[in-house]
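So that we are looking at the same thing, I have put the structure below in structure tokens.
Each chain carries a letter (A, B, C and D) given by its place in the written order, and its residues are counted from 1.
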Amino acid sequence: MRKTLIGVMGPGEAATALEIENARELGRLIASVGWVLLTGGRNVGVMQAANVGAKELDGLTIGILPSAREVDTSPAVDIVIYTGMGSARNNINVLSSEVVIVCGMSSGTASEAALALRADKPVILLTDNQSARDFFPSLAAERLHVVDSPKQAIELTKRLIAGVGVRPS
Amino acid sequence: MRKTLIGVMGPGEAATALEIENARELGRLIASVGWVLLTGGRNVGVMQAANVGAKELDGLTIGILPSAREVDTSPAVDIVIYTGMGSARNNINVLSSEVVIVCGMSSGTASEAALALRADKPVILLTDNQSARDFFPSLAAERLHVVDSPKQAIELTKRLIAGVGVRPS
Amino acid sequence: MRKTLIGVMGPGEAATALEIENARELGRLIASVGWVLLTGGRNVGVMQAANVGAKELDGLTIGILPSAREVDTSPAVDIVIYTGMGSARNNINVLSSEVVIVCGMSSGTASEAALALRADKPVILLTDNQSARDFFPSLAAERLHVVDSPKQAIELTKRLIAGVGVRPS
Amino acid sequence: MRKTLIGVMGPGEAATALEIENARELGRLIASVGWVLLTGGRNVGVMQAANVGAKELDGLTIGILPSAREVDTSPAVDIVIYTGMGSARNNINVLSSEVVIVCGMSSGTASEAALALRADKPVILLTDNQSARDFFPSLAAERLHVVDSPKQAIELTKRLIAGVGVRPS
């Protein structure tokens, strides 16, 4: 049966403590709903934390790696896809996610948010980077939703998947 | 917990009745062992048949699609990865499979067999195309194994994963 | 002899009159220096205008297309690379450019600016989108340079290529 | 003005003396006609030899590299495209070539021949690997042409580009 994949994208090595805490909570909440967590799959930052959170509640986790083989793969990823494409794999991450939750901000993360909007995906932005909260809505106001907590992100994801009329905040 | 992904690659629209029968049996056998089936994910030929076979035994199936969105995705795929990369996704298929089972032959299939050998993956060739059975061992005799049935393919896959000394037939 | 490739990235269908004018001037200036112009190669917006500008001064132009074959290729591109990868080709654009000049803003353009920073490329931002001018320096202040005209962009590109100490404005 | 790109694909480190000699002659002949030579761009084997040959006659050379940055780039390549995609870049090589000349054989080379046929490109096969000469025509007899010398390859390329009725030998 077709599973629902929800992407969580965020910084790796440069993730802050708050971003990591939010990512872990997002992973937990995604697993609790029964969705599959999709991340970039590395063993650092937001990727690692989200996968650890999802596994705490026995969720299924999939990682789309930039490398061509096991290098710094998160041990909390169940299904590992090796792309060997570096950051070009960011586009696969967003194409394969029904909703893209952006948790934190970095150059790689910004590229995923932008690629998701380019691909007409709904994007939920959870970050305290104020310039990011100002900038991304300027690209596609109708698909970019700014939230303030993991819980808000998941409630909104549910409504987006249900197709309930949702207006960006 | 990290899952073992086994790739089954083969023709789409041009698959023969024998290739489809073999693919379905491969899917069943892969599911029966508890491995995850990885294919190109389209709803035709070897891809479709292998996924249907795996689902008959409640296996988990993952498809790496050439398209950027739902077009001709197999309904028997549980986890869909949209690459939007056309045939360049063939390289992801082989990088992500611990063992690549080639079931039948076509130009796309040949590219997957060759890319798998290029990536130092073990390849198991199940086809009655005699020129393919002659050609591929000339590329990398030590990693290319020719078999005559799905059952042989799966027995060999078990030994390859176990790291038991295996000599190509 | 190895040629110097300078990327100009910007909106397609949604480009404004100012962005198109700037792109054409960038193309002219790049050709006048003897550099090769690299763009996304489509026949619209900033891509088209930059290529037309470069050809006015007999520059060499290369386009990295998202499509797998001739669809909406700019007739002003001399050398066409078909990737068949959609927006994942954006990463190739920035990896292949010594300096990335971002002319205008859109979701695709933002992804290229972000991927360029992710790849440690120098990025020159020419846009009147104030939130973009605020946001991108927050990602990598040391490699992101905001300018106000095509001429400034080219002068800065010369200094960046010469390796002259350059501080972002 | 749109340039005609002709691809020459062949082994890297494992190239034989004959394959290298043929590649150099192909490069010379391609340059003499005024076509642009497209290769995988590395500084070894068929890629290196073809580029050196083309530069002997002042041809223009373009290389589509597997790496994300300068690593083992051929110094005889004028225009370097860095893909950072490993062997997935093989698909770009064939999509961007009007005709694909396969010079020699290896696993990477076989993948390019197969991907070219998959993409409906005309492929000219120049190799003394008899099993390859038997196998590839079985995939797409109408587009796969076996030749015995660089000169034959170029004569056939001219006819293919001119659209003159050409029957595979």
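The rule is simple: contacts are C-beta pairs under 8 Å (C-beta built on N, C-alpha and C of every residue); 3 or more make two chains touch, one makes a residue touch a chain.
Values in this document were obtained by computation on a predicted structure and should not be read as measured data.
Comparing chain pairs C-D and B-C, the larger number of C-beta contacts belongs to C-D. Of all residue numbers used at the contact between chain A and chain D, over half are used by both chains, marking a mostly same-residue interface.
For the pair chain C and chain D, the distance between C-alpha centroids works out to 29 Å. In whole angstrom, the spacing between the mean C-alpha positions of chain B and chain C is 40.
Residues of chain C found to touch two or more other chains are 68, 83-88, 91-92, 119.
On the side of chain D, the complex with chain C involves touching residues 1-3, 5, 36, 62, 64, 68-69, 75, 77-85, 91-92, 95-96, 119.
Within the complex formed with chain A, the chain D residues making contact are 68, 83-88.
Chain A makes touch with chain C in their complex at residues 85-92, 105-108, 110-111, 113-115, 117-119, 129, 131-132, 134-135, 138-140.
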